[in-house]
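Structures given as C-alpha cells follow.
Common to both upcoming complexes is chain A, partnered first by chain B, then by chain C.
Moving on, here comes the complex of A and B:
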C-alpha cells in the first residue's frame, strides 16, 4: 500500500514537468528546494530538539562557497559542491561545539546572532561576495555523466533526485544507531549520558546533519535563482523553514515536504506579495500550533480516523511513521 | 572472595552544595560480587553518593576508583562505558519510546555498530541488530516485562517503570550496578519479587550497590550494609550488626522517619 503510494507519487513527479509549462515547472522546482530546506530544519528540530534560526546561514555559506569557487576560480560545480558541503559541515560542527551547551533560548539567540554575522560578512566582504549586490549569472551545473542541466526541466529533475536521495538517506538514518542515539538525547539528555551516550557529540552530529541537508538546498538555490544576495538569507528564511516543518508535521520526513508544498502554493493561489509574507507565516504558525499541533499530517490522521469510523472499520494505529523526531 | 581487590573504592569523598555538606568525608569499598546496602534517613547523602560515583556531580574532595583505576572527573557516559550502570531515584526512562525501544537504545549505545555498515544495512550490521533483538527479549524476560514489550514506557505502572529502569541499566552489561530506591512504589509482593531479581542479578556476576528505604528488603537482600547520616558514614557491617547498632537506631529515631 505504502509502496504503491510512493510509486504513484514518483510517477506523477516524473511526468509533471512534461505536462506543465515553464512557470509551473519553475514553481515545482522551487517547492522541491524549499522541501529540502524544510527537511533540514525538521532534522534539527527532531534531532537536536531546538529550532535553529541560524539555518539560513548554513544555506548561504554553502551556496556562496560553491558559487564563488565556480565564478572566481573556475572550479567545476561537481567539485565545488562537495567542497562547499564540507565547509558548511565544518562550520556547523564548530558553531555547534560552542553553542549546543547553551540551553533553550540562549541557543536560539546565539544562532540568530550567528546568522546575522554571516549575513553581515557576506554583505561587507565586497571583494569576494560582491556585497549587497550579490553574485549574478550563476550558471546551471556543468554536464555530468552525459546529463546537462541547462533547461528548467532538467534542473527540476536534478532537484527531484536530490530530494529523493535525501529522503531515502534520512529514512535510513532515523533507523540507524546514530538516529536512535540522537532521538535518545533529544528525549532525555541526562538519562542518555548515563546509558553511555556522549551527549555533546551527538548533538553536534545532529546539527551537522541538518547543516549538510541545508547545504544541499543551498547548492541548488544558486543556479536555480541565478543570483545570490545577502537579502535572501535573513531571519525570515529560517522562519519560513520552521513554519514549513511545523505546518507539515514535526517528527516526520513527509511533514516538511508537505509544508513546503503548502507554503509555496498557498501564497501563489492567494497571490500574496512578498511584502505580507512574514506576517502570513507568523499567523500560520500561530494557527497551526493552536489548531493542529501535529501539522498537516496530524490532520490527515484525524481525517483518516473519522473516515475509518464512518465506514465502520476499526481505527488503525498511526504510530508507525518514521520519527525523525 | 576476601582476597579479591574491591570493585569500587570510594575514598574520603565530600560534596558541598553551597552551605550544605551533602556528603562529608565518606569512604567505602564495594567488594566483587556482593550486594552492598547503602541506607540512611532522608537527606543522608545516599543519592549524592551515587551521583558522585557515576559522574553526575564533580567531587569537592576525595577520589573514586573502579578496579583500582581513578574515575574521578570522568564524564558519565565514560563511566558508564567502564562498567558502572545506575538507576535513578523516582525512576528515569524514555517515556515516549516503547519498552523494547528503551532497552534497544541502551543496547545500541553500547554496541560496536559502525555508522556506514548500519546505515547501508550491511550483513554484519543486520547480524548485530538481530543479536540485539535477542538481548532485548532476554532482558525483558529477566526483569519480567516481556508482556509489556510493545507498550509505551510512560504508560507503565510505576513499579514496572522501575523495573524497566533496571533493565536499561542491565543493558549496559555493567560490572557494578547502582540501584537508587528500586522498590519504592512497590507493594510487598512486588518488592519480594524485585528483591529476588536483585539476587539473580548478582548471580550473573554483577556487583550491586543498593539504596533502599524498605528495611526488611534491605536486610533480606544485602550481604553488608553501610549507613549514612547527615553526609557521614556512621556504621558498616552485616545486616545483623547494623540492626543492633546503637548509632543507627538513634539516627533513624532522631529523624522521626519510619524509613
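Moving on, here comes the complex of A and C:
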C-alpha cells in the first residue's frame, strides 16, 4: 500500500512538468527547493532537538561559495558544488563543536549571532561578494553526462532528484545506529551519556548533516533565482524553514515537505498579496505550536483515529514527537 | 577624539542597556527568550509618536501614556499566547522550544501589523529638547543628555521595584526557584504577567528614545533585539546589573571599534565578542552557573 502510494506520487511528480505551464513548473521547483531547506531544518529541530537560527547562514555560505567559484574562477558547477558542500560542512562542524556544548537558549542565540556575522560579512566584503547588491546572472549548472539543465523543466528534475535522494538518505539515516542515537540524545541527554552514547559527537554529526542538506538547497537556490543577495539570508529565512517544518510535523521526514507544499501553495491559491505572507507565517507558527504541536501529520493521525472509532470521543492530541518516518 | 567617542558610546550604551533590561527581566522571571521584544520597542516608538500627533502633547507627557499602552499589550500577548505553554511544561526543552516558536510568530505578526497601520516610511519624532553642552573638546547635545538621564531614572525605578517592594520580592523568588515560589503560595502567573507589563514599559521607553535619535519605522526593532541578545549573554541571561553593564560596554566597544578599526565591520566585532564570552564564561559576566 505504502509502496504503491510512493510509486503513484513519483509518477505524478515526473509527469507534472509535462502537463503544467512554465509558471506552475517554476512554482513546483520553488516548492522542491523549500522542501529541501525545510527538511534540513526539520532534521536539526526534530532529531538534534535544537532550533537553529543559523541554518540560513549555511545555505548562504554554500550558495555563495559555489557561485563565486563559478563566476570568478570559471570553475564548473559540478566541481564547485562539492567544494562548497565540503566548506559548509567543515564550518558547521567547527561551529557545532564550539556551540553545541551550550544548553537551551544559549545555542539559539549563538547561532543567531553566527547567522548575523555571516550576513554582515557577505554584505560588507564587497570585493568578493559584491556586497548588498549581490551576485547577478548565475547560470544554470553546466551539462553533465549528456544532460543539460538550461530549461525550467530540466532544472525541476534536478531539484526533484536532489529532494528524493535527500529523503531516501535521511530515511536510512534515522533508521541507522546514528539516527537512533540522535533520538536518544534528543530525548534525554544525561541518560544517553550514561549508557555510553557519545553525545557531543552525535549532536555535531546531526548539525553537519543538517548543514549538508541546507547546502544542497543553497546550491540549487543560486541558479534557480539567478541572483544571490545578503538580504535573502536574514533571520526570516531561517524562520520560514522552521515554520514549514513545524507546520508539517516536527520529528518526521514527510512533515517538512508537506509544510513546504502548504506554505508555497496556500498563499498562491488564496491569492494573498505578498504583503500578508509574513503575518500568515507568524499566525500559523503560533496556532500550530499552541493547538497542534505535531503539525499537519499529527492532525492527519487524529483524523484517522476519529474515522477508525466511527466518530467516537475525540482523542486528545498529545505533544509526543517520538515518531519517525 | 577619544573622549568624544567615549561620550557617544555612553549614549548608545544607555539605550542598549535600556533595551536589554526588559528582555532580561522576562528571561529571569519566566525563562522566556522573547523574540518579539524588538517589536515591542518599535510599537512603543509608534505609540508615543501617535499620542504626540493626535493629542499634541509634548514627548515627555506622551511617553508615559505610550508606556502604559505597550505594557497592556505585552500582558495581553503573554496571556493569549505564552501562559498556556508555561503552564504545561516549566522545565522541559520541548516547552522552551515552543515558547521560542511562539515569540518568533509574534515577531512576524507585530511587525506586519505596524506596516499595515503606519506604512514603511521612516518618520521623525521630536523630543523638543535643543541646544548643546561642551565640556572641553567633548560636544554633547542636550537631547542625548536627556537620554542618559531617562535611562538612569528608569534603572533607579527598576531597582526600587525589585528590591523595595513586595512584588519585587515575589519576582526575585520566582526567578530563583519557581516551584519553591509556587509552594509558598505565590501566584506566579500574576507576577509573571506583571513582569511582562514592566518589560513592555521599558521597551516602549527604549524604543521611543531610539526613535527620537534616529527614525521611527516598522523595521527598527530588529537591531535592538540582536543587541539585547548580545548584551544579556555578555552580562548574564536574567541578570539586571549584567544588562546595565553589558549595555554600556557594548555601546562603548561598538563606538571605539567603529572609530578606530572598521566602521563596516563594527557589528561583527560585537558578535565575535559575544561568541568569545559564551565559550569562556557561558553564564555571562554577572550570571550564575547553571
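Definition applied: the second predicted complex is superposed on the first by the 307 of 325 C-alpha atoms of A that agree within 3 Å, B and C clash if a C-alpha of one lies under 4 Å from a C-alpha of the other, contacts with A are read in each partner's own complex, and residues count from 1 in each chain.
Just so we're on the same page, a residue touches a chain if its C-beta (ideal position, glycine included) is under 8 Å from a C-beta of that chain, and two chains touch if they have at least 3 such contacts.
Because the structure is a prediction, the values reported are computed rather than measured.
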item: Which of chain B and chain C A:105 touches, first, second, both or neither; value: second
item: First, second, both or neither for A:20, with chain B first and chain C second; value: neither
item: First, second, both or neither for A:180, with chain B first and chain C second; value: first
item: Chain B versus chain C as contact partner of A:196, first or second or both or neither; value: first
item: Partner chain in contact with A:227 - chain B first, chain C second, else both or neither; value: neither
item: Chain A residues touched by each partner, larger count belonging to chain B or chain C; value: C
item: Shared contact residues on chain A - chain B and chain C; value: none
item: Contact footprint of chain A on chain C as seen in their complex; value: 27, 33, 81, 84-85, 88, 93-94, 96-98, 100-102, 104-109, 111-113, 115-116, 222, 226, 229-230, 233, 237, 264-265, 267-268, 271-272, 274-275, 278-279, 282, 290
item: Touch list for chain A against partner chain C, complex; value: 45, 49, 51, 98-99, 101-106, 108-110, 112-114, 116-117, 120-121, 124, 235-236, 239, 242, 246, 275-276, 278-279, 281-286, 289-290, 293, 319, 321
item: Footprint of chain B on chain A - complex, ascending; value: 169, 172-173, 176-178, 180-181, 183-184, 187-188, 190-199
item: Chain A-facing residues of chain B, complex; value: 54, 56, 75-77, 80-81, 85-86, 88, 92-97, 104-106, 108-111, 113, 115, 118-121, 168-169, 171-172
